[in-house]
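Below is the structure I would like to discuss, written out as structure tokens.
Letters A, B and C name the chains as they come in the text, with residue numbers starting at 1 for each one.
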């Protein structure tokens, strides 16, 4: 099936993930961690969606669910129109070739005792790709990410941070995916190297039409790379919009607080202090009403008791906030 | 009137590792005035943390201070005996680190640890060797109120694991400022915190600094944090300070090619920018490049850059180490 | 497209490891000791006639060290030096065999338990706990007494006691490796579970076991000597070091050399293995941390 550039590739509906907490001698379930309460978004083919949140937002868990390292407690995932929420076996293996994840720590995601070559070729063998010319393909992948042949023979600890991240990307590309989940891809890299990796990712997307889900708390990176952005708080999405519009006209108080909290490397930019008090939540109790109610400076009674409805406030811009609904 | 609180002169520090001698600091010079916040900016291997550790005399076993002086209130910190330096620790010079787990003992409550720290400085607490419990309690409560800690009495009875990351850093700030030191070294104090919490903690730090007129050296790789908090900035690369000046000047008009490169490599949350990366990687400090350590990555590199290390040049109030300006 | 020579690289790695190994003087010393005793174990019965262990010559008994008998003679008139040389084979082989077998069993059970997890893990671990609850040597004593004294039973008793420790450690290692990011990454790349266990988890989890096992060789030797000492080892005529120590105990004040020299042999041999284990740990660890 030929896909139009504007077709939706990934769709996530009301995703939920609760982690059971075991306690007592008999290891019974004594509670849950409500990591994800409601994650809903869609990503078009060739597009980058930024998934933004702080600790407790559930963004990393969403990423892990999308590559099936976790099973969702509720909700649905659609890939290319088909329901992939509960696939197993050979279906799962096929999906694994489509969706790949790049973790935050490139050092930890590579086997310390395997050379890059072995790591990449293993992936090819497992999926029976390029039989007989695995090495040549590995070379091609290295080239794609800007590394050279000698890097194939190195161990992870013999590479620099930026090189490692590229090696991880090369390995992910070995399965020939369409959809890449990038979990804080530049968080552990130096500033001067971050830009290299970001540019590489952008370049790859332009050439090969990859679809990206960029999970991060770094708003500057989101602005630079993603076309659309979802803001998550305490396991729920609170605002989704085209990135440009989000940064100009954020509607949700949490988004506004986030934007105002980012330190700007320009001493002449005067920021009005919009400091919110309190801490990001520890999600051991289920959400009642709006998840941001206990920290919101504009909180009203209704916010504490009822979940705000979804409001459409612009071109592909939706928010969940009583303040907006009441306007 | 600005009196100098700290003067670092030609500091050279080397580390002995199995791979060879790592030249971590290659001649660092900086001044800190009273009540000033100086940002020490750099990436991995720049030497910014080593500089802070040298001032605190907390370098690891395999480090050697090869040359240099650190003058604090008339005394060279590198030459005074350990006992004498210990009198300064906590009272005159204090530190804040990135990871609260490195300084908060998990088996003691916040109150117990704070009391222990104050007790060890009892001479400065009560101006006598006798222990005054009431005074200590007062100091602890006042310090925690300073950092806007809610429910101070309860927090004192809590264990570190019961507090969130942001609250632990606030405790750290409280302890650091409790005896009103003249100098605080803050090494990546907010790097591990969420964005909204970082903003809170930085704001508290700035308030406390204003209140007690403390001089702070803020070590971080986050240029945004430096722009919002510091008056002066020193940019470090491969163990040397390559540019030093007022934050407003350096950020608006960076002179050193590395500083320029850093500014251009930053994506921004407030405006749309074209990001340009600096080619290459940070140099190996066991065998650094000849001449100017930045020359392999510098778009303006000239012949002389490969042969000779540049000496500091003075451009108005700025200090730059680059052959373009000498 | 120039292919980098893999063999060259492998050789470089091994020589680097050996070089690291050799830098530690104690480790080199330990290796020399072990090599010495290994050679002794192999050629022992060739340079000393094994039949002397059964030759009783009472007129020659309890003679102190002299030019004729460098370590003196025991109560049966046998030359102690010769007995030690003969005994090397027994002690070295039993400790190596016990450790090898215990390691194999323990690692296999521990890995499976740790990787599969869940109920099976619980059952296996409870079983291991029960075995571990018995004080090792007493358990070994009990077994040997029940089965009768012989070399094979000594070997069985020691192995049955020792495997549980490895199982526990291996399980813990596998459990922690399972959660590591590179394993998660491998899973997300579609690599099947059994491959992950063998190619990824196993090589990374096995390192503490290797170090421990090397050091345990010395420990087993001491235990075997101990069991022999209380009379649970092989036949009384067997030139086993523990056996000799046993005999020597009765003559401690009259002829201390009977106990002393075999004791020295046990000590130095186990020390040698311990030092190697130490060195192994240093060689294997920093390379990973680098």
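The rule we apply is simple: a residue touches a chain if its C-beta (ideal position, glycine included) is under 8 Å from a C-beta of that chain, and two chains touch if they have at least 3 such contacts.
None of the values given here were measured: they were computed from a predicted structure.
Visitor: Looking at which chains touch which, would you call it a line, ring, star, complete or other?
Guide: Shape = line; chains linked end to end, path left open.
Visitor: Looking at contacts between chains, which pair has the highest count of C-beta pairs?
Guide: Counting C-beta pairs in contact for each chain pair, the top pair is A-B.
Visitor: Roughly how far is chain B from chain C, centre to centre by C-alpha average, rounded to an integer in Å?
Guide: Between these chains, centre-to-centre, one finds 51 Å.
Visitor: Go ahead and note the Å separation of the Cα centroids belonging to chain A and chain B.
Guide: 32
Visitor: Please set out, as single numbers or ranges, the residues of chain A touching at least two other chains.
Guide: Residues: none.
Visitor: Which part of chain B faces chain A closely enough to touch in the complex?
Guide: Touching chain A: residues 43-44, 164-167, 194-200, 202-203, 221-228, 247-248, 251-252, 261-263, 265-270, 272-273, 275-279, 281-282 of chain B.
Visitor: Inside the complex, what are the residues of chain C that reach chain A?
Guide: 1-4, 6, 9, 180-182, 184-192, 195, 199-200, 203-204, 288-290
Visitor: Which residues of chain A touch chain B in their complex?
Guide: These residues of chain A touch chain B: 54-55, 160-163, 190-196, 198-199, 217, 219-225, 244, 247, 257-269, 271, 273, 275-277, 279-280, 282.
Visitor: Using the touch definition from the top, list the residues of chain A that touch chain C in their complex.
Guide: On the chain A side, the touching residues are 67-69, 93, 96-97, 100-101, 103, 105, 108-114, 122-123, 126-127, 135-136, 139, 149-150, 152-153, 157-158, 168, 171-172, 175.
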